[in-house]
Every structure is written in structure tokens, then in C-alpha cells.
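Here come two complexes built around subunit A, the first alongside subunit B, the second alongside subunit C.
After this line comes the complex of A and B, so read on.
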């Protein structure tokens, strides 16, 4: 089966940095994910929004990477937000307890409206 | 995509559960500290967050990563170091299945009759043909996500254990700060990998690296000590030792 390496893009929306994710989040995504987070975590950013609309595969190594991002964010006092998670991925965030600490929004507009 | 009803990984993940149950676990062992417990994972632990990676190269073995994982899943308990027991799911290592663990203490110490001293468990939260992952319930030593995988690298198959962990409560954290917990954990997985390599007729040298992901303690999780599996196991240990010495277990 063809796989699609993770691609990311980062932009600012006020005090929130938005990271758009496209492709697969697995062990090969580590560099792209960490690079995007570093670019997103400017000193005046209070929250980082991960957009999952175009993510179509996450394995357990990918979840571990997201846990690592969450740890980085909490260490620096930032909130880590998500949008665009399908019901399937919401369940994965629930079972891995990520949803205990990451606010889940249906879409980017709602996330920004409540965190800008 | 959010509008895709069946992502490719859909069959690889466990469904969310409120509490663990033991109905699908093979008989035997001290079945404590699992039934009725919630899953935790590295988010909910108390101690510092570590990422520990252990690996062994199966140099010269013809096994593919898929073949290694098939064997690892099927014979998982046989690779554990002496004194530790894994009572697995009746249906094998599959997403959503639960297993009972009876573990030796630090340094592989067991009670008389080779009785393990900590009873706890795991849930399989993910499995595919080249990896599988466990999460731990309340009371376990570690609040963790542990992934077992195999991959090809430089002409050989590499078997790997990657643990993203925090200690569950302040007592376990103390044992890790004293070095005992870290050493026990490191020895455990390196011995497991050597045993796995031996299964493929390889005298493998297990290696490891560790990284401190988050040095902070999560004091809000200090209350986890209420479920501490080591303490709770200690209450039933005398009876369990007697059963073993009398040959009833």
C-alpha cells in the first residue's frame, strides 16, 4: 500500500500557531512534526493548534510523538489544541488519554474563536 | 481525512473502554490490580517522562520484520526474564485484549517459591503486522505506552522496544530516582530482546538509549499511590507464597 509522508505547514493566527498536517503520522513523521512544532512555538504563542483534517493514518509510534509534543507544550506553559479529528481518531485520543489534556475542536474556526 | 469512514489503521486500534476486565485472559497467576482499573498511559503518570528505546539486531537471521513480530506476539511470555510471568489474552495479542502480569521486584527478586511480588496488567491498544503496543492501568509501576516493533535496517532485521513512560506515583518515582527502577526496567527489556534474538539463533547484543522528555513531576497525579500495585500485592503475598509452597498454584 502506498504511504504518504507527513507534510506540515505553520502559520500564525494571533496568539495561536496553527500546524496543518497532511499524510501519515508514524515513526517517519518525527522530524517533520518536531520541526513544525519548533517553528510554531514562538515566545508569544499561548496555544498550538494541530489540524488533523488531512491526516489519514496514525499508528502507536505516531501517538507517542504527539504525547511528546504535548509534554513539550505543557513544559513551556502552552496549550495544545486539535481540530479536524474524525470520530475514529477522537476515540484513539480518548483511549490514549491524550484528550484529557488536549482540547478537541471540530474545526479550526471554532478553535481559534475560543483561544485567540 | 475527517470524512473517511474507515481509515487504514481502523482495525489496528483498540476501542475505548471505561474499565479493564479479565474475561478474555488465560487462567493463572495473581489476578490483582487489573479488573475495574482505568487505563493510564504516559499522560497520567506522576514522575518524569522518559523515552527509552531498546533494540537488538538479528544479524544473520533470515526472518523478516513481519515474521519477527508474528513470533514475538505468539510467544511473548517466553521471552520475559526469569521470575516474571505474562498471562496473555486467550485470543492472542490483538487490539483491545488484556493481559495479567506477575512481576519480580527490583533486581529480579521474587518471594519464596519464586513468587512474583507485583501483580498488574496491560491492555493491547494497537497491533499491526510489524508492531504492537501496550498501555498500563492504574497501579502499574509505569504509566506508559510501550511499542514493540521490527524493521529492516542495513540488511538485517532489528527488533525494538520503545517505552514512553512516567512512574505512576511518588513511591515508584523514588525508586527510579535512586536508580533501582531505571536499572530494573533497562535490564528487563534488554534481557527480553536477548531472549528474542536467541529464538532466531542470534547471540544478539541489546542496546539502549534514553531521553528525558519532561523533567517535571505531575503532582496532581500523586494520588495514584492509592492504587499502587506493589503495596496491594503485598497484602495477598503471604497467602500466595503458601499456595505455591504447597503446590496449589
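After this line comes the complex of A and C, so read on.
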């Protein structure tokens, strides 16, 4: 299979953890995504930012994984944020109502500035 | 006469003066073996000597002539004693000049009679020889000009594209006909790695080899500029700056440079003083205006870039002035309004070139001598069949997890090649195709790699339809509508978004099943519409 496995990296920006995503978010991404979220969800972190700048494909299974992360975040009182979504996936986040629960920012700088 | 005389003997016997054996420059004390020479004497028609010989076509001793005449003075200075005019059909065509007799006696009446007879008989022969020589020179000149034309044509024909680029979903046609005096028209195509295509047409002022050489240079400059920038305005700026220092005086180049993006129909263009291209579309025929000076006139010019989007069925005509500047016997010009009207009357496509040439031929009449080169380039986006469906792609794909992404790209490529959907709507179709394919591979074919999902991609004038067929028969695939609140509360599985996404991405979804197969048809219209749901 020639799909592009998801690669993640996690770093802190104050009380926000930033997860940079690169590749495709589908069924193959489950382990990488959950692993990154676990690393990001330190006790003093109040929000986790998912950076989608380098994500070129999200399917319904990927949406389900994000729903799973969102459920986890809400359970522990954290906000889940997004940045860098293309217009197409921004529309999908609206259709699925994910955008009702996850603030969508155009870029990381804006997201961090408003959640410091 | 004045033109004939100075070169009389050169024409007869070539330029070597010693090659004129019958006419000796008068040399009173000349040695016996002195070679005869030609006196290069130009006698103006108004010279009294010319007037005299026209009236007296007889040998005459120069000492007896006393009037102011530059020609007479030169003859006397050369030592000539007796001059015998050569007259043919009333026209003075030469003189036989004789020096003093070696006996130092005067020429006798017999001598003069003999010389007069000789001149009478020689003159027609000299005249014939003159005419033959003149024809030979004219033939040489014609041959030289023909050779120059052959070189100019060779340069042009060598540099014009040998074949047209093949573009899926597009028709390209080109025509080039040099006039007798070859001009500097040219057209060219440049392919880019990303699928775009540059369309170039140009016209060098002047004709013949100089114009052909400037055309060749311009073509090379434009090609190298295109490789660096692929932006029409920038390429023309570069070409102008390169040409302006080196182009011969009073020459310049008009050029239209356009870059076509076949997937979207976007055509970006800039114009260096060339005839405005025409775009034929559903609403009529329109000029494509962009401002810019011809190349090679002034340094540092800026070229405006404009763009249009060619819809299916639209075409663009690039042409040189040989088409519009053709004249009929009444000296009326074919002209832009007539060309625009012709374009409006023709449905376009491969026959448009022949149609335009036939219209011009009808206008100019049968005896027309082509005044200038004619170059035409037509690019047309293929029309989608009205009311019917055209198959864009048909393929099978093995059922393995993750393969939906590859199948989705293959469908997208077919749609993109035929430019059947705007990019935003194609993205939505891609997501729907991926989801339907995942369902087909997982639920229909149970991820058996040797059982394929079949894809049919079709387009009509207004929509694209993708049929995705698996071998799962008619199962019960009813899925509950996803509710995010319920999912976040743990009352629903986080999954189950596939069908929901499909329905929200495309305009229509049709499902058909039989005992063996299950087909989902996704329909996406070209234009956004109120879905009413």
C-alpha cells in the first residue's frame, strides 16, 4: 500500500501542547495519533492544538479518530484546537459539527495567541 | 541610353577590359601589339554629343565637332580621332572609337564608308548581345532572390512545431502558409512539467532572411524565458530586454504569449502589440485584451497579464495579420469585424481553420496574391456531449485497506484531465469516492485482494457521475445517522461517518443492487445549486 503513514511531533507552548501532523489521517493513523495525544496531554496542559498544515487526506475513519481524541480531551477538561485545515476539510469539520467543539484557527500563531 | 553606354562593353564581354578585341582605345603612337580596351564613358541623354549622334548616325572626326559636351571632351582626351556610332532601332547603343591612322593620314571616304557599313551590321548583333547579357544578369538576380527566399522558408519551416501537443480534453490546430516574400510569422508550443502548455504566436516586421533570423532568435529567447518563469508577462519583459539591444533598426516583433492550464481551462496571457486573440464561448465572440508594446522597441517595458477560463466548448483563436489584412480586388480589407463574425458563425473544432481560410478565399477572390504570411493557432476545450454521457475512465481496483486513496486519485485524475469539475467541487467528489470505495472494499468485497471494485467515471455537459461497484450483492447496509453529541457522550461509536459524508459531499447518490453486485453512483454537478435538502 502506498499510503503516507501519519507522522507526529509534540511540543509545548506554555499551557498548550502542539501536535504537528504530517501525512494521512485514516485507519492507519490510529496508533500514531493516540500516542501523540497521550504525550501531549500533560497534567498542566489546558489545550491541545492539532496542526493540520501538512495533512493531505482525512477519511471517515480519521474523523472517528479525531472524535475519539475530542471525547478524551473533554473528559479531562482540555480544549482541542485545530489550525491549518484546508477549506475542504474545514467544511467537513462544519458538516460533522466537530467545529462546534473544536475551535478552528487559520494558523498556529493565532491559535497560541488566543489560548496562552 | 546613358545607362546602356557606360557598360556596353562590360555587358558584351565581361568586366575585363582586355576582353574587348574589336575596340581599341585610340593610341597615336601605340605599339602594334597594344591590346584594345574599353573606354568607360557615360553619355547623359542631354549631352549634345548624344543628341548629335541620334540625328547623325555616321562616322565623324572629332576635330570637326565643336560644342560643349563632357562626353566629347573625354573622347578627345582619350586620343580618339574618328567615332562611329552604333545605332540599333534608332537607339544609340555604343561607339567605335578609332585613333589616328598609323599612316598618319586622315581617314578616307572609303574608310568611313567601310566603318559605317560595319557599324550598321554590328549594331544589331551588339544589341542582341546586350539583351542576352541583361537577361543573364536578371536571371542571376532572380536566382539570388529565390535562394534567399528558400533560406528564409527553411529557417521558418525548421523552427515551426512539427506536431501539435496532445492534450486530453482539448483540441489544438495550427496552420501556417508563407507568402511569396516570406515574412517572420511564427507560432510555438512549450510544455511544462506540471501539465501546463504555453501557446505562442508572433510576427516579425520585415521579410526575407533578416526577418527569419529575428524570428529564430525571438523563438529561442521566448523558449528560454518560458522555462524560467512560465508567467506570460514576465517572459515578454525578458524577451523585450534581450531583443531591444540587438534587433536591427526599424524591426520589431509582435507576440502573444499565453499559458493554458488544461485541468481547469485557465488561460493566462500577455500581449506584445500583437493582434488581439478571440475567445469564442457560449455568450458570443470576444476580444482578449492585454496591454503591451511590441518587443524590441523600447527597454524596460511592462506587459499586463490577463486571464480567462475556457469552459467546455470554448475556443481561442491566435492569428497573424496575414488573415485580417488580406485585401479583395476593391482594396477592402478582410478586417477584424469580419473575422469576429466568422468565428460567431462556426461551431469551432477541427474545421475552423478550413472555414476561416475558405471565408478569406471567398472574400479576396480567385486572383488573389497572398500578401503576407498567415499563421493560425486554435485551442478548443472539448464540449461535453449534450444530454449524453461520455466515459472518462473505467477501471478495477483490488480490495485492500488504504486502496481507497489510490482509487480516489485515479478518479480525480480522469476528471481533472477532462476539466469536468471546478477544483472545489472535485475535492468534495474525491472525499465521496474515497468513502464509497472504503465501503465497497470493506463491506462488499470483505477486503479480499483478488476481488476488485469496479469504477466507471462519466461526464455530461453539466455533471460528473462515478459508479462504484462491489461484489457484495444487496446487503443490509443501513447505517444510523451519526450524532456527534451522542458519540462524545459514548452513546454511539465514534465511527459511522462514511455514508453521512458521501451524502453531504455530492449532489446525488443512487444505490442499485442485484444478487451479486452493489453499485453506488455519485453525481456531482459542475455548478453549485440549491440542493433543497
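Definition applied: the second predicted complex is superposed on the first by the 114 of 116 C-alpha atoms of A that agree within 3 Å, B and C clash if a C-alpha of one lies under 4 Å from a C-alpha of the other, contacts with A are read in each partner's own complex, and residues count from 1 in each chain.
The rule we apply is simple: a contact is a pair of C-beta atoms (placed from the backbone, for glycine too) under 8 Å apart; a residue touches a chain by one contact, two chains touch by 3 or more.
Remember, predicted model here, so these are calculated numbers, not experimental data.
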item	value
Subunit C versus subunit B on the shared subunit A, clash or fit after superposition	clash
Subunit B versus subunit C as contact partner of A:97, first or second or both or neither	both
First (subunit B), second (subunit C), both or neither touched by A:85	first
Partner chain(s) touched by A:15 [first = subunit B, second = subunit C, both, neither]	neither
Touched partner set for A:28, first subunit B, second subunit C, both or neither	second
More subunit A residues in contact - subunit B or subunit C	B
Contacts of A:54 with subunit B and subunit C, given as first, second, both or neither	first
Clash with subunit B (superposed arrangement) - responsible stretch of subunit C out of 61-69, 187-195 or 475-483	475-483
Footprint overlap on subunit A, comparing subunit B with subunit C	1, 27, 57, 59-61, 63-64, 67-68, 70-71, 74, 88, 92, 95-98, 100-101
Footprint of subunit B on subunit A - complex, ascending	1, 27, 52-61, 63-64, 67-68, 70-72, 74-75, 84-86, 88-89, 91-92, 94-98, 100-101
Complex contacts: residues of subunit A adjacent to subunit C	1-3, 24, 26-28, 57, 59-61, 63-65, 67-68, 70-71, 74, 87-88, 92, 95-98, 100-101
Subunit C residues touching subunit A - in the complex, by the definition given at the top	400-406, 424, 427-428, 431, 434-435, 438, 482, 484, 487-488, 490, 493-498, 500-501, 504
Contact footprint of subunit A on subunit B as seen in their complex	1-4, 6-10, 12-17, 39-44, 49, 51, 125-126, 128, 131-133, 135, 145, 147, 149, 162, 164, 213-216
